[in-house]
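In what follows, structures are represented as structure tokens.
Both of the next two complexes hold subunit A, though its partner changes from subunit B to subunit C.
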Partner chain A sequence: MSTELEQKLDTLTDADYARGLEVFRGGLKEAEASYLNACVRCGLCAGGCHYHRTEPELENVPGRKLDHIASVFKAHFTTMGRLAPGLVGAKRFDRDMARAWVDAVFGRCTLCGRCSMNCTIGIPLPALFRAARRALGAMGLVPEDLQATVENSLQHGNNMAIEREEWVETVEWMEEELQADTGDPEARIPLDKQGARCLFTVNPREAKFFPLSLQASAKVFWAAGEDWTLASDGGWDLTNYALFTCEDDQAAAIVKNLTDAMTRLGCQVLVIGECGHGYQSARWMGPEWLKQRFPFPVVSILELMDGYLNEGRIHVDSARNQEPVTLHDPCNLVRHGGISEPQRRVLRRAVANLVEMAPHGVENYCCGGGGGQLAMSRYRNRRLAAGKKKADQIRATGAKVVAAPCHNCIDQLSELNKEYQLKVQIKTVAELVAAALIVPTHSEVLP
Partner chain B sequence: MPNQLFTPLGTAVVAAGVWAVAGLLVLRARARAFGSRQPFAAAAGDPAAGIRYAFTGAMSPGAKESVREHLPSYGLGLAFHGGIFTAFALLALSLAGFELPRSLWLGARALLALGAMGGLGLLLKRLLKAELRGLSRPDDFVSNLLATAFVALALVSPGQAWLLSAILLLFYAPLGKIRHCLFFFMARSHFGAFFGRRGVFPPGGSHVH
Partner chain C sequence: MSGLMFHGQAVALNEEGFLVDPGIWNEELALALAQAEEGLEALTEEHWSVIRFIRGHFEEKQGAPMVRAVCKATGLRLQRIYELFPSGPAKGACKLAGLPKPDGCV
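Coming up: the complex of A and B.
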């Protein structure tokens, strides 16, 4: 057990537990109250969880994780929980339960939601785990490294604390590379272009470690003649780790960087780069956090690329991607985001041999890197062990390339690649499209 | 069959039924008191279509791995619930003094027999599988035993003992996990609406901005 956690548990007072319960209660609506009353503890959710698939023990059964939450709900918020706690399994929120909550919702869950699909009742367990994470946050029990990522976003406008100067230099460097790659000295990666149609947002990992991803997206935009821009200051980072700490005020402050940039630059479409949690944060949760309907559409770059191909704005030659490719489905993008087909349509055109994993799409397995796991070092070994299911899936396809439209997933898949000796390359969808692009002449590129 | 509605046990069954319905309505009201959430994000799909799918296709073996991989449990569950519904139908007929037509009696007995076996099978599974035992609370065993007894007695001894079992079952319904007879529908509706809105349910639906 983590020393850091035990030390924090030592300092908790009754007031902390009361505040945690108050925040937990405040996060519940009719839907969540229904879910908490509905579990029949049939255990059929077990196989739906990649933690349980790789380590079949009771604490990894989603229903067990839920039971830790439901026990406290019953004890504090139901009549039967107060009258007959032993009968219905109600437990007061104390040190042991707080520890159990942390272990269950941070340590053994990526919020991937695969258990929801396999639940007999139809309980979206992540909704309840989010309420629990929020309560733990109010008690100061969010793992420090995960919270530090959120603090970076709040203080620096991006989760890797990249300074504006460094970001601008990276973009300028990539612009030079794009010009060299396309042979078009007019090719641009626009920064702060007022009135551009699309504001494109990226994961800071692209700036720091994977600039070729950014270059690939830029090449696709160039070929399509898209009117687009990046923001030079707050509003270029699509990530929002407060989705994982579940502290909604902080999440709202982070997503506001994007809406402010849209307003400042007068753009019409907010385009989310290849990132699962970034898409869910901006497309689905952002309006809820800010309590407002966005006056612009939020789309994934996957949808844009699908549209370019359909409309004939770009052309690809699949022969340029000859090696077998398999597609990873990021949970936040597919199961929670509803974006499942655009990337498949794109890849069917851009690669010669697309081999699907079994299962895939909404039934996909999480890679193990979701839910903020990559930022919680104390659970690293569990994360890599739980990723074995995904590693086995990849190996079974015989693919040499894994297309992963999510930079968090790419990080986890890269670790799995080493850990399980998969010997695959891991690329974004845009990188594969860029490699297959039939490059237009200068005059063919629309202004 | 004599009308049992005005016998002491028959009246007690009705009273227990009223208690069960009232208890479930209170639970529903308490859940609703938590308030509803008005979504701000623009829908990508149709929540109503999501709900329809959640109650149909999403529960089928084709869409649900947990069903595909646990077909015996799925079968036991279906049989158990079929038996419970049959026993309640017979209870209503019995209280009203109606005789089940002979042509239907064989089918009803078959459903009850399957239901009792389903309940017993699920109980044994819960007792014998260590992981499921670890997940279980006394409530799980009490709920199963009450429902299984109600179905089995409807089959073998549809007299006073059966009516007594009905009283106990109805009395317990809002107190323990049998409350899922209400919350299954509430939870699954929310589940379907959530994924319907996001364009995830039904599969193959159009995703709009």
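Coming up: the complex of A and C.
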């Protein structure tokens, strides 16, 4: 039991519960509300949930998690729930139910959506869990470390509170490394290049602690002769943790950093680096949050690399990646985001032996790090236990390298690697492509 | 919350093994954390140069430094940092330096 949570529950007033209910109901579309009375308790969702697959207890059944939410909905928003609560399983929103909601939607769910694939009714469980998270947020019940990550983005323009000069210095450092790696003194990592075709965005984790993936992406752009840039001041961070707190006004403010940078720099294509929730946020949720159609395409760097290979703009030698590679499917990129084949086409060319997990693609299992879990320390043990499903899948492939086109997943997979002694290397797709590049001579790079 | 036995006393760690109270950190405790959390039996001068720089940065500015700053201050190559701290700069080095867990995808 979390003391932070209990202390917060102690302070809740009737007005807080009322506000939570109001936000919950207000955030539900009518179709979503109808789904709150649709579960037939078939139990098939359980097989899709990595929490339940690793720990088969009732509270880990997605339908049970939904039941906590539906029972409150019935009590407060349906006639039968008010008249005969016992008959329809309606429960008032009180301290116990608030605790049950927090436990269900923050503590046992990564919003991965795998349960919905199994659902006989087609209930969009992640949308309903998101509505519950949004309500809990209005009551101040979002775990503090998750909320802190959102606050960083709102105050500093990136989720790790990196200062502009620190970011610029790291980019310049990676440019020097790129020049040393390619032997091309003209190789650039452009900053604020006005009118560049592509605005590239990264996860602050790369800048702060793991910049080699930035260097790898830059090397691919260099080889392709791409006209690209990074933004120095706001609009370089692709993350949006408000996707996980489900506070849509904050999410809109964060995604606006990207659209503002596109306008400021006059770029044509917004390119999202290897990040699942960042892609989902910019590509699909962003226009919803900002209530506007973006006047530019949003693409994943995976799509760009796929295009470069198809068009012959870059060439790779798969012999340079000899060890067996398996591919992790980030839920926000693949199941929610619709990007499944580009990374597979890229890897089939860039590595000698790609071994798929079973299942994979849209039917993948979550690594366990999604939905903001990595930022919520209090659920760490559950997160690692639930990740065993993914660890077992990886082990079964016999792969020595896991390609993971998502920095959030990479962090979870790194912990699983240690916890379950997988003895694998975890890399971005761009790192594998960069390693396999048949490097053009300098004169061939120039347009 | 878990604990680490240190000189017969339980030191409070959060669920991820970071010190609950960064203020109680000292170098002996760093070594105990290295053994308990990072699987490192001993810390070399290279480890200490990283840990001391991160700790100094934290005491001055309240946050974790960029890995760029770590490399510059210690003269170590990036790859060497990853070798020294198997859990990485955040969950390895920052943890041993007694920092709270950095925000973000770490």
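As a working rule, the second predicted complex is superposed on the first by the 445 of 447 C-alpha atoms of A that agree within 3 Å, B and C clash if a C-alpha of one lies under 4 Å from a C-alpha of the other, contacts with A are read in each partner's own complex, and residues count from 1 in each chain.
Everything that follows uses one rule, which is that a contact is a pair of C-beta atoms (placed from the backbone, for glycine too) under 8 Å apart; a residue touches a chain by one contact, two chains touch by 3 or more.
It should be emphasised that the depicted structure is a prediction, and the values quoted were computed from it without experimental measurement.
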Record, for the superposition on subunit A, whether partners subunit B and subunit C clash or fit.
fit
Subunit A residues in contact: does subunit B have more, or subunit C?
B
Which partner does A:140 reach: the first (subunit B), the second (subunit C), both, or neither?
neither
Put subunit A at the vertex: what angle do the Cα centres of subunit B and subunit C make there, to the nearest 10 degrees?
140
Figure out whether A:159 sits in contact with subunit B (first) or subunit C (second), or with both, or with neither.
second
Which of the two partners, first being subunit B and second being subunit C, lies in contact with A:37: first, second, both, or neither?
first
Of the two partner chains, subunit B (first) and subunit C (second), which one does A:335 touch, if any: first, second, both, or neither?
first
Min C-alpha distance subunit B to subunit C after superposition on A, in Å, is 25
Complex contact set, residues of subunit B against subunit A
27, 30-32, 34-37, 39-42, 44-45, 54, 58, 63-67, 69-70, 73, 77, 129, 131-132, 134-140, 142, 175-177, 179-180, 183-184, 186-188, 190-192, 194, 198-200, 203, 207, 209
Contact set on subunit A toward subunit C in their complex:
145, 148-149, 152, 159-162, 166, 169-170, 173, 203-205, 207-212, 239, 374-375, 377-381, 407-408, 411, 414-415, 418
Sites on subunit C touched by subunit A in the complex:
14-16, 18, 63-64, 66-69, 78, 86-91, 101-106
Which bits of subunit A are touching subunit B when the two form their complex?
28-35, 37-48, 56-58, 61, 63-64, 67, 80, 84, 86-89, 116-124, 283-288, 290-294, 297-299, 335-341, 359, 361-363
